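One structure is given below, encoded as structure tokens.
When the chains are written out, they are named A, B, C, D and E in that same order, and each has its own residue count from 1.
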Amino acid sequence: MTQPILKARGLTKRYGKVTALDRCDFDLMPGEILAVIGDNGAGKSTLIKALSGAVVPDEGSVELDGKKVDFHSPIDAREAGIETVYQTLAMSPALSIADNMFMGREIIQSGVMGKLFRRLDKAKMQEIAREKLNELGLMTIQNINQAVETLSGGQRQGVAVARAAAFGSKVIILDEPTAALGVKESRRVLELIQDVKSRGIPIILISHNMPHVFEVADRIHVHRLGRRLCVIDPKEHSMSDAVAFMTGAQEPPEHPQAA
Amino acid sequence: MSQSDNFEAAASGAATDVASFEDTHKGLVGQIQHTLHVNPALVPLIVLVAAICIFGLVLGSKFFSPFALTLILQQVQIVGVLAAAQALIILTAGIDLSVGAIAVFCTVIMGQFSFRYGMPPAAAVACGLAMGTAIGAVNGWLVSRVKLPPFIVTLGMWQIVLAANYLYSDNETIRSQDIANDAAFLQFLGYKLKFGGAVFPLGVILMIALVLVLAYMLRSTAWGRHVYAVGDDPEAAELAGVNVHKTLMSVYMLVGFICGLAAWVMIGRYGSVSPSATTGVIGNIQAITAVVIGGISLFGGRGSIMGAFFGALIVGVFELGLRMAGADPQWTYLLIGVLIIAAVSVDQWIRKVTA
Amino acid sequence: APAFAAGHSVSACLITKTDTNPFFVKMREGAEAKAAELGIELNSYAGKVDGDNETQVQAIETCIANGAKGILLTASDTSGIVPSVQQARDAGLLVIALDTPLDPIDAADMTFATDNFLAGELIGQWAAATLGDDAANAKIGMLDLAISQPTVGVLRDQGFLQGFGIDLGDPNKWGDETDPRIVGNDVTAGNEEGGRKAMESLLAKDPEINVVYTINEPAAAGAYEALKDIGRENDVLIVSVDGGCPGVQNVKDGVIGATSQQYPLLMASKGIEAIAAWAKDGVKPAATEGKDFFDTGVALVTDKPAEGVESIDTAEGTELCWG
Amino acid sequence: MTQPILKARGLTKRYGKVTALDRCDFDLMPGEILAVIGDNGAGKSTLIKALSGAVVPDEGSVELDGKKVDFHSPIDAREAGIETVYQTLAMSPALSIADNMFMGREIIQSGVMGKLFRRLDKAKMQEIAREKLNELGLMTIQNINQAVETLSGGQRQGVAVARAAAFGSKVIILDEPTAALGVKESRRVLELIQDVKSRGIPIILISHNMPHVFEVADRIHVHRLGRRLCVIDPKEHSMSDAVAFMTGAQEPPEHPQAA
Amino acid sequence: MSQSDNFEAAASGAATDVASFEDTHKGLVGQIQHTLHVNPALVPLIVLVAAICIFGLVLGSKFFSPFALTLILQQVQIVGVLAAAQALIILTAGIDLSVGAIAVFCTVIMGQFSFRYGMPPAAAVACGLAMGTAIGAVNGWLVSRVKLPPFIVTLGMWQIVLAANYLYSDNETIRSQDIANDAAFLQFLGYKLKFGGAVFPLGVILMIALVLVLAYMLRSTAWGRHVYAVGDDPEAAELAGVNVHKTLMSVYMLVGFICGLAAWVMIGRYGSVSPSATTGVIGNIQAITAVVIGGISLFGGRGSIMGAFFGALIVGVFELGLRMAGADPQWTYLLIGVLIIAAVSVDQWIRKVTA
């Protein structure tokens, strides 16, 4: 049996009286697309934050490739190869689209100006940014130097997704990447996800869009009240089943492990 | 495949050119509006030029002379350097109340290390710069690691440094004549280049160079982008992969270093080393004022360092202009208050019409 | 005062305007030396900035709470502090004003002070005498302390003008004079930084200035730097007040023409002696003959004595200087 | 022919070089549910902001009930009876759920404490808030006094929708009200919309979810490149048509006015 | 009906009870943690009590006496009132550099209106309060309508009011004896209630009452909620239906009025009316310090006015304690600098462990 590439056991996170994660387990297999579904406030975002170092859980352990890891910041996780699009998007509102896309991995000019004066290659970054946005079909962005805060809700989300996709790595986590996107832009993101998978990189996809989830996911982690309720195979269960499990309308199947 | 496909597939023939509209802002006005929209730092420059013109018209050649105009540069050189430092901190959504005190303390270090311990003056200057950097590092550490509000950290540091300054110096002034005789290098930045009536001490040139270098660093290096990102939204910056701690530490240490430079400029300008220099007490407010007049937001992440420089000059122009016009000190003080508000109102108005 | 005054039976307080000005630092050192000699425990307090009445009030309250026997006070606000002084005297403390008389002067048990108006008058007379006939068309720059016009500053400024022979207008206020010889007033905060900027501003207004009054010697040193820059350091007369050692040295070096010297150590040590006597036998000190305060004296220090104005030279001034 | 209750002509809004609205027309008929669809960045949010006073257009006019109106702030629009859920939700992050729901229309205690001291009736407001959230199925909100910034993305959106629904008025505008919501919560919002309509109040619904749009809308305003491309009747056109129009894949029908 | 229904319908049988978890924080520690989590204003209170205890242990009964403890209240009464005003402004994400100057100017108005124009003292007090309110209104209008940064508006106003204060008063102090004789009502708030060694001037009682009333208004009225909402995110507040302009105007005017009250307290405490009172120069920083130590965020919308009050007391305790311990002035300043940083570090630490 293959080892999970990313594995968590007994994750717990409390905020004062609110319990966001309640002894939660998690497994991501190599090369798969794992969807995470659940009610609003079930704890999905908190779970992936705990996996990506953005939140330090009160209890529990995380293993990457079989080795215990202890992320204290998203930078740690990123260095270990985990790339995340957060639900809040994590953008600097006053900075431009290109600035945001290359934040923390700026391109420096070649030649003296770059070596000696560490001058950024703005033209190149803008060009790449425009290209990535076009790939996502975000043709309504008129000015690539617009500040992110002036973008429409969907445009902003598109920039965040483009950023994660542009920097392929070990695991990609997407927290509701298409929530604010239009029909065309959502489709492009789904294609992109397939694309990344075909490069062998596993993906965690949080989404409330059942048709999309059932279209792309290999396995579905159903989250309820801060923990993993069950994992189902989309080929064996219907969307109605999934919705019934996650809302508590129906008991989960006996053997929670599907893959 | 799922049932959603049928309609989503219709998007596949979508138009693929970037949206564009005909440009309706035409002509010179449109051009100016667009330039200001893209470079808001130019707005304080306009206010500055307007202020110079108005005083020039009222006071005539007395004010509009190379002598008076370069005098303004001389009078703002210290505040200008401190404002550059302050601007960096404010861009990270911080505030530094200790800049003036650090500068004064560094003058004392430079002076006393030369005179009390007989160090070569160049070494004493280096020690002063190192001390500034070290104090900045403490500020940065408290802000970034202990996560204290910058206001409180630097308020405490202001008091600590100022008191240390008096205690260490024994409140003793080192006289200009003694420095000129025994440690002239301390006064190096006071050396003056003259072109006709125009006078440029090296300190002024250092100030201008500093502003240009910082402007470059902020605009054209990754470090600069990180400074803005941290000031804009530190959590988002951290999530996006910026090392917030490293960025903050580098900013606070650089600011401490610049305060050390300000100290050296001070000795150049005043000749002497005096622990009770007013800069220790009001240098912080002066620097913050310049920064805010220059259009940098106190909430961080917005504005340019050139703005801070123009802000310092705007205040300098008002002060000298009013004094030359013969306003008495109490009235000058009152009018400067009015003019500061007026300057920022004009700034705000220009921004609005060019939005 | 159990924990801290264990070894001493008598404790005293020294409250100065600030303790950033060397004048007060030396005053404190004088008081500490005398207190150690007489076995008195001394606590020192100071305002945060010049004119800080609030902190001085708090200091007096602390002295009362601490059970001190007496207070030496250089008041920031000469009438504002009076109710607190009264409170201290009601609680049985001896209160002595140093350097600055209270308003009214008898609000304190005694005053040990320089006559600041006289200090100004001496340098005014010296400047007028040195210029001789040219005094009639002198151009004078006045470098004062602060826009709040604290009394020391006003007294020295007005004393100088009186000595120079200029009509004072309201003697409680500077800046209201109409004599055309005055180019203008500006404020310096009493340090080099302020002195230089104020001088530059007055010079920008009228580059012909040839007499400069300064509130104290650091301001004078700052003014000198500005004059040196435009090559006028040798044809302008700078006068000042204080007589600190760097100031006297500056007189010797020709930076300052003349300065009025005062004696803070004397004020302080006299004050401590008075508190010791009060604690011991309950006697209060007496005033100088013919005055309502104990005059610790003032002397004009210059190496260019002028006709009709008594002065000492810098050698003697250096011996008497304070810090 | 009935008069539109809300009508706009020639609305234009530019931001520097970016054109968000380009001589846009708009009509809302009494009692109808009008959906507004369009690509990301097409200008939908800007349009409804211009209608609700949150943005003052550079050009163009707005009429309410046949009378020209000139809103300079959302408060003006609200006083005229227009209630809006903005895409950015317009919440005060540090304040509690109840505080946010009743912002600007707080309930004051009856009796002396209320009359004299204007004391708020917190208990009552909390009770109503809890009730409204339960109606939307937001059962994962554990603590009604939680600050809004600590809510999950979907919980936050739920609070905003509950707020608008709670205060019925002349026109209700919903800008992507279900984007971050789960399956169950989205359904409840759709039911709520039907409910409001049955009370005779017309609704403007911006959404990227075609099935939802076609389920509830009476007419569909297709927005493209800052203006109204056409208005279609969901009974006469398919979802595919709608998507093709809004993405520019197909020319719109000849007679743009459907109702 | 659309094809999405089939699976969405499955949600109809969803569970309908509010989520709940067993409470794992048990016992006293858990209880304390929860209390602090819910009432963060208590954190500065803990720091305050700790500071009092430490000084009490070191200084013994001298400090731990009703006299000394009520002395602290007397010494902080002015800063306490100004801090309450400042807290309101800072909650709206503003800052007010003019509070101290307004207070001093109002003392001058009250004094001069009584003495120069012979007004009845009660009317003069009313004029002082009105003047404070009017200046506050100007500040508010510039911030809310002209949309200038509060820092700049109040910086300008600070200079204007301070200079006006010197110009109008002719730098003249009105002596305590004269006020006591001719306009005793001006000193009304200096009247002292004594219980054993404890001394409570009416000014102290006014300060406490003011803090309680403001705390009530902020917590339990719609106005209070609006103040927080405006400070939190003014755009969101506006969209949510808060009249941001009205709220800001009311806050700035109320603050001006409270500065007028502070003026009255000042006359009560010092007896005299002095235009050069240092409160005019450093009252703003003192008030801001108290507010920030009290845990109110300079970015607005977070914190409670009780915190500001405790913040003022913390500084008062440190100052009196160090003075009584006989630390010399520069060492006192240095230590207060250290203690301010330490107090906020402790505060931060408590917040962290109770988060």
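FYI, a residue touches a chain if its C-beta (ideal position, glycine included) is under 8 Å from a C-beta of that chain, and two chains touch if they have at least 3 such contacts.
Being a predicted model, the structure only gives us computed values, none of them experimental.
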Contact-graph distance - origin subunit C, target subunit D: 2
Set of chains adjacent to subunit C and to subunit E: B
Between A-E and B-C, the pair joined by more C-beta contacts: B-C
Per Cα centroids, the chain farthest from subunit A: C
For subunit A paired with subunit C, centre-to-centre distance based on mean C-alpha positions, whole Å: 72
Where subunit A and subunit B are represented by their mean Cα positions, the distance between them in whole Å: 40
Computed distance of Cα centres, subunit E from subunit B, in Å: 30
Junction residues of subunit C - those touching two or more other chains: 19, 49, 147
Shared-contact residues (touching 2 or more other chains) in subunit E: 3-4, 7-8, 11-12, 14-15, 19, 21, 163, 166, 330, 333
Contacts with 2+ other chains: residues of subunit A: 15-17, 19, 41, 88, 139-142, 183-184, 186, 210-211, 225, 243, 247
Chain-chain contacts as defined at top: A-B, A-D, A-E, B-C, B-D, B-E, C-E, D-E
For the subunit E and subunit A complex, residues of the former touching the latter: 4, 6-15, 19, 21, 23-25, 34, 37-38, 355
Subunit E contact footprint on subunit D (complex, rising order): 54, 73-75, 78, 84, 86, 88-95, 99-100, 103-106, 108, 117-120, 122, 134, 137, 139-142, 183-184, 186-187, 211-212, 214-215
Contact footprint of subunit D on subunit E as seen in their complex: 1-5, 7-8, 11-12, 14-21, 216, 220-223, 225-226, 228-229, 232-233, 235-243, 301-302
Subunit B-facing residues of subunit D, complex: 14-17, 19, 22, 41, 210-211, 225-226, 238-244, 247-250
Footprint of subunit A on subunit D - complex, ascending: 15-19, 38-42, 44-45, 87-88, 138-143, 146, 150-155, 158, 176, 179-186, 208, 210, 225, 243, 246-247
